[in-house]
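My questions will all concern the structure given below.
Chain nomenclature is as follows: A, B, C and D, assigned in order of appearance, with residue numbering initiated at 1 for each chain independently.
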Amino acid sequence: MAYWANGLPAGAALALTAALFHVFNHSVFKSLLFFGSGAVLTATGERDMEHLGGLIHRMPKTAFAFLVGCAAISALPPLNGFVSEWLTFQAIVLNPDLPQWGLKIAIPADGALLALSAALAAACFVKAFGVCFLGRPRSTQAASAREVDYFSLAPMFILAAICLLAGVLPGVVVDSLEPVTTSILGGRMPTQLGDRWLSLVPMSAGRSSYNGLLVFLFITASTLIVVFLVHRFASNAIRRSAAWDCGFPDPRPETQYTAESFAQPIRRVFGSVVFRTREVVDMPLPGDMRPARITRFARDVAWDGLYIPVAAAVGAMADWMNVLQFLTIRQYLAFVFIALVALLTALALWQ
Amino acid sequence: MNLMAEAILAALPSWFDPLLGILLIPLGAAAILALLPGYRVSAGVNIAASLISLACAATMLIARPQSHAFLIVDDFNIVFILLNTFIAFTTSVFSASYIAHELETGRLTAWHLRFYHAMFQLMMFGMNLALAANNIGLMWVAVELATLTTVLMVGIYRTHEALEAAWKYFILGSVGIALALFGTILVYLAARPVVGEGLDAMVWTTLVAHANGLDPSLLNIAFVFLLLGYGTKVGLAPLHAWLPDAHAESPTPISAVLSGLLLNVALYALLRFKILLAANSAAIAPGPLLIGLGLLSLIFAGFMLYRRRDIKRMFAYSSIEHMGIIVFAFGMAGPLGNLAGLLQMTMHSLTKSAIFFTVGHISQVKGTQRMADMGGLTTSHPFLGWLLVAGVAAIAGLPPFGVFTSEFLIVTTTFARAPWLAVLFVFGLLLAFGALLLRLTDVAFGEVKGPAGPVSASYLPAVAHLTLVLAAGIWLPPRLVAWFEHVAAMLG
Amino acid sequence: MNGIAFDISHMLAGFLVLLSFLMLYQVRLLPLLNVLAAHAFVLAMSVAWQAHTQDAPHLYITAAIALGFKAILVPMVLRRMVVRMGIHREIETVVGIGLTMLAGMALVALSLEVMLPLTAKAEPVVREDIALALSVVLIGLLMMVTRRNAVSQVVGFMSLENGINLAATGARGMPLVVEISVAFSVLIAFIVIGIFLFRIREQFDTVDVGVLDTFRGGLR
Amino acid sequence: MNEPASLWLLLVQFAQMSLVICLAPLLTGLVRKVKARLQRRRGPPLLQPYRDLRRLMLKQVVLAENASWLFRVVPYLMLSITWVAAALVPTFATGLMFNWTGDLIAIAGLLGAARFAQALAALDIGTSFGGIGSSREVMFASLAEPATMMIILCVALVAGSTQLSTIADHMANGAVGLRVSLALALIALIIVALAENARIPVDNPATHLELTMVHEAMVLEYSGRHLAMIDLAAFLKLLLYLSLIGCIFFPFGIAQAGAGPEYYLIGLAFYVMKLMLGGVLLGVFEMSIAKLRVFRVPNFLGAGFMLGLLGVLLLYVSRGM
């Protein structure tokens, strides 16, 4: 919008394409994640992450598809999430010399918020995948879960493939978005497909480019090299044994990190600012056998800051006006009288 | 369409004049009903009379009778006459079942019934006369007659609240009427030097013809009195006090008629004089006055809706709010503003009477009008509950219904001309919207409160009205739009 | 309209305004009713005089109604009702008598200020009548607003109605004057019967005191 | 590719990739040597990391019962991703063949992917150590990544592009001069580097004390060749950050695109010298400071983020003057 207002059609086209690309990506990986959670729900009958865990052993295919979804949404390079974030960043970096002062401050702040949200999304989906699929099952349903049928697996894998393809060949998507940007803004991004090796060039080759395909090829090539070298020279003996328990042999699943405890550090860092979270630790005195408790208070700042005051204001005004319902007939007549006199004096003065 | 019209006209006997029809039939029915003892028969006669007057009004739509000194039918008031007779007919159907229930519960005795039906038709006569009157004096008398009859009907239950409401309505109404009369006299005075003394100085058509010649300053004073006089009858904000109590305490068919018809009649009278004023270039523009009053009543009613406990009183305030919107629209004037005002008025009358029909049955079933004591309607009485939900959605101005279209038109015209005014207008709308939905959720959803017995209700009228409003919301027939546009042009 | 006729109608209208002021001045109910009777009588005289000067015979009917109904019948019924039903005799005013008189003065000034420049084109007698009629109307309204007793407010309404009758007859050649005055008298009849039927004693504001507390306090 | 794909350019690219992977363990060995010397002890020989890697490669892998396929795949993924990221950073020469495949944001993204995989692997075993490691790592990342983005934004605004080689060329010969925002970006980058590589103020690389370790907690369950790969990835990451600092902020001596082989040698010499200097400085710095409490690290990283943001704001504002 800012670029369009300042008459930079190319920049506006880039920004709009980035936004539309992200909308496309979002619809792909968000539905993939929802299919995954649906599969988990059908398999275990549980939605609460605290009762899941270890599903990767029992539902490997769903776990893989869900993993691709989590990686895509956390904007990790070979996949599509990263490309739309990259395009948005290119739009931000594009031309800093906008005249309006407000925009001068707003655009870098946007960049900061974008980066913060990307990082937090990654954290959230590490928690989601880790607590649900990895570790040991925290309930009997999770332990007895079975893989879902192929009909529900198929859409997940198709979407996962789309995520990978859109991430690897972003040029295809950008060019398909081109008619939209021309119709709306008139300006458009340079055509991508013509370029060699299908790399994504937002403005001009000299400035910056990103080649999804080559990055993907690079990663697979180096993985193959590493695997070949390791299997060639290193031993490939394997032995199974119990995990390191640092001297407390307690196999109960509760000792694992739950979703709540996983998010506790981030909540302590950001929560106190955003949601006014407060943690109260109730540690019993030594010798007192009752369990220690940690309780957490969070407040939705938007709800308390905006909605409640508005409702209260309307309520107060309604109360104040409500008196008018219970006046006597004489007082109502007084209204008519005052209105009449007021209008007559107005007319007298006006004429 | 006109093929069918010729067929009907040929069938009609030559002496039959529909204009006289809509006046004499209610008058005659009132006389008959006063004598009929039995409830079942009088209800039937009541419905029949209303149906015939509706038929007359419909024929008038096709073959426009020529107007003369005392009575007139032009594009402008045919809208009101048709709407009035139609809603009167549906109300009479509804009142048949409503009153039957009131008889069983003993709240009304047989003697009341005779009085009720006679007054009902007398009121119809008064309203039709007011709408058809060409002579502004005659119009005043007719409006006064209508007020008198409704006052008697409001007090019919003879409970303390009903009597107090009737008394308040009576006094405020009489003061309003007196001011309106003073305004009419001033208009006559302004017209006398131009048109000459005697009867034709009171005939509206001649007045409009000579409008430009009238003394502008006298017209302004007259308009002030008329605005306050008829404004009281329209229920605009500072003068509205009688409306909530009259609606809440009167039998529901009467409150449906009150908010559906009587407010429109008073508004019609006010608009007649607005046309007069608009035609006279030197006089002050009536717009700002109407906009001010309209906005004041919209926002005032919006706030008052929040603290209401009685369901009928809440919808009474919603009527004040909607009359505020309509007056605001006519204040904005211009072709689109007037069109929106007319559409909003029609939609409001249809929706509000439908709501009162449902509320009537609900209060009968639940035995109370306090919203706190009724809940979970959609579960205890699904059809009634969902009818109420549809009605409230329509009155709150939600999209599929016609009220939204008219409010949308109003907002567009206001934004085009005075954006800050539109902001105030939309604020008022949102206020009312919030209050209505807040109350609706208590009544319609949640767990069932109050008796859940079967109800013998006539759903037909309410359903008919809401389907009309829904149809208007989705598609307005081009003939209707052309007709309204012509009237809007007339309104100036 | 030669000088004498104008002076008499002007004198009668002025006398009517004076009586309205007198009503504002009353402190007790019964004398108020006598002033009301006088008020209606003077109205009847002025209507008759207008009928004579405008040689409009139908105005005599209005004069007769004003005389018979409003000057004699209504005050008599009201007096008997006040006596028999023991309605509170003392008139409680919202604002002190002096202040109300001042307000009345201001209202007369306002109506003269508003009306006179307006009707410059019309004949002087019409201008006089309308201006004074407006002041009687405004004083009548003022009386309704500043009195607590039910009956005194009804008297205020009747004086207001007399003002309008004066305006109607003042407007030369106005049709339907008779019908309008008949309609109004029906209205007044209903009010008087209403008082009797509903036994309004104390506060005009509510039907009776008993109602007062149950319906204030937000039950509605 | 901007000029015909000659064998020579391919060779140079592979030279860079192999150089990077060979030098990484040496750099960590140097840092450990410097720290030991400062503690007045001889410390392990410089080549010790190579021997450790070889030893781990040959040892048998001990897997927990609960480990899934993810646990075994992650080490390979991490090593290859970090190796690709390191290869993209120009070391002794800019304008190499594969430079336009990915820019600074791509490198940050790749590092993010490696961290994502490692955090997941830590959770796989289902012990509380993996949990504590990954939850803290993810918390640090949620502050470090925005700081990295701010640095990238700042540098990109100065150089006009996010492509690393163009940035390096611009810094090398562009009339950049001493800019305040670049200084801020440098300090922010150092802070982020310390956090990402789990160096002293944020996390102690040498400790096994449960409460304090973050990076070590995640790799607690690994053994044998998996542990070797993860360690190598860690070494590569340290090298990557130092070469990043080198090529952006101290680009002198780096060979321009298409220059002759003798420039590459000079570039190589300068690069090795920069690495050694960086290693020593890091060792000295680690000795001179104690580890922060876990919940003081957010303030430390927050400062980095603020510096980056300030740098960007200054750039936006100054440009408007």
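Basically, a residue touches a chain if its C-beta (ideal position, glycine included) is under 8 Å from a C-beta of that chain, and two chains touch if they have at least 3 such contacts.
What you see is a predicted model; the values in this text were computed from it and never measured.
Connectivity note: excluding subunit A, the chains that remain group by touching as B, C | D. Put simply, the chain nearest the middle, going by average C-alpha positions, is A.
Taking A-C and B-C together, the pair of chains sharing more C-beta contacts is B-C. Chain centres here are C-alpha means, and the one lying farthest from subunit C is D. Centre-to-centre separation between subunit A and subunit C, using Cα means, comes to 76 Å. Taking each chain's centre as the average of its CA atoms, subunit B and subunit D sit 78 Å apart. For this pair, subunit B with subunit C, the centres built from the Cα atoms lie 31 Å apart. Per-chain Cα centroids separate subunit A from subunit B by 53 Å. Each of residues 114, 117-118, 141, 144, 153, 206, 215, 218, 220 in subunit C touches at least two other chains.
Under the contact definition stated at the top, not a single residue of subunit D touches 2 or more other chains. Across the assembly, subunit A contributes 322, 325, 329, 333, 336, 340, 344, 347, 351 as residues in contact with two or more other chains. Taken as a graph of touching chains, this assembly fits none of the simple shapes: it is neither a line, a ring, a star nor a complete graph. Of all possible chain pairs, those that touch are A-B, A-C, A-D, B-C. Residue ranges of subunit A in contact with subunit B, taken from their complex: 314-315, 317-319, 321-322, 324-325, 327, 329, 332-333, 335-336, 338-340, 343-344, 347, 350-351. Residue ranges on subunit B touching subunit C, taken from their complex, read 135, 137-138, 140-141, 144-145, 148, 151, 160-161, 163-164, 167, 170-171, 174-175, 177-179, 181-182, 185-186, 188-189, 192-193, 197-199, 201-202, 215, 217-218, 221, 244-245, 248, 307-310, 313. On subunit C, the positions that touch subunit B within their shared complex are 114-115, 117-119, 121-122, 126, 130, 133-134, 137, 141, 144, 153, 157, 160-161, 164, 167-168, 171-176, 179-180, 183-184, 186-187, 190-191, 194, 198, 200, 206-207, 210-211, 214-215, 218-220.
Remark: subunit B residues 167-168, 171-172, 175-176, 179, 217, 220-221, 224-225, 227-228, 232, 238-239, 241-242, 244, 284, 289, 300, 303-307, 431, 434-435 touch subunit A in the complex. Chain contact summary for the complex, subunit C toward subunit A: residues 94, 107, 110-111, 113-114, 117-118, 138, 141-142, 144-145, 147-148, 153, 203-206, 215-218, 220.
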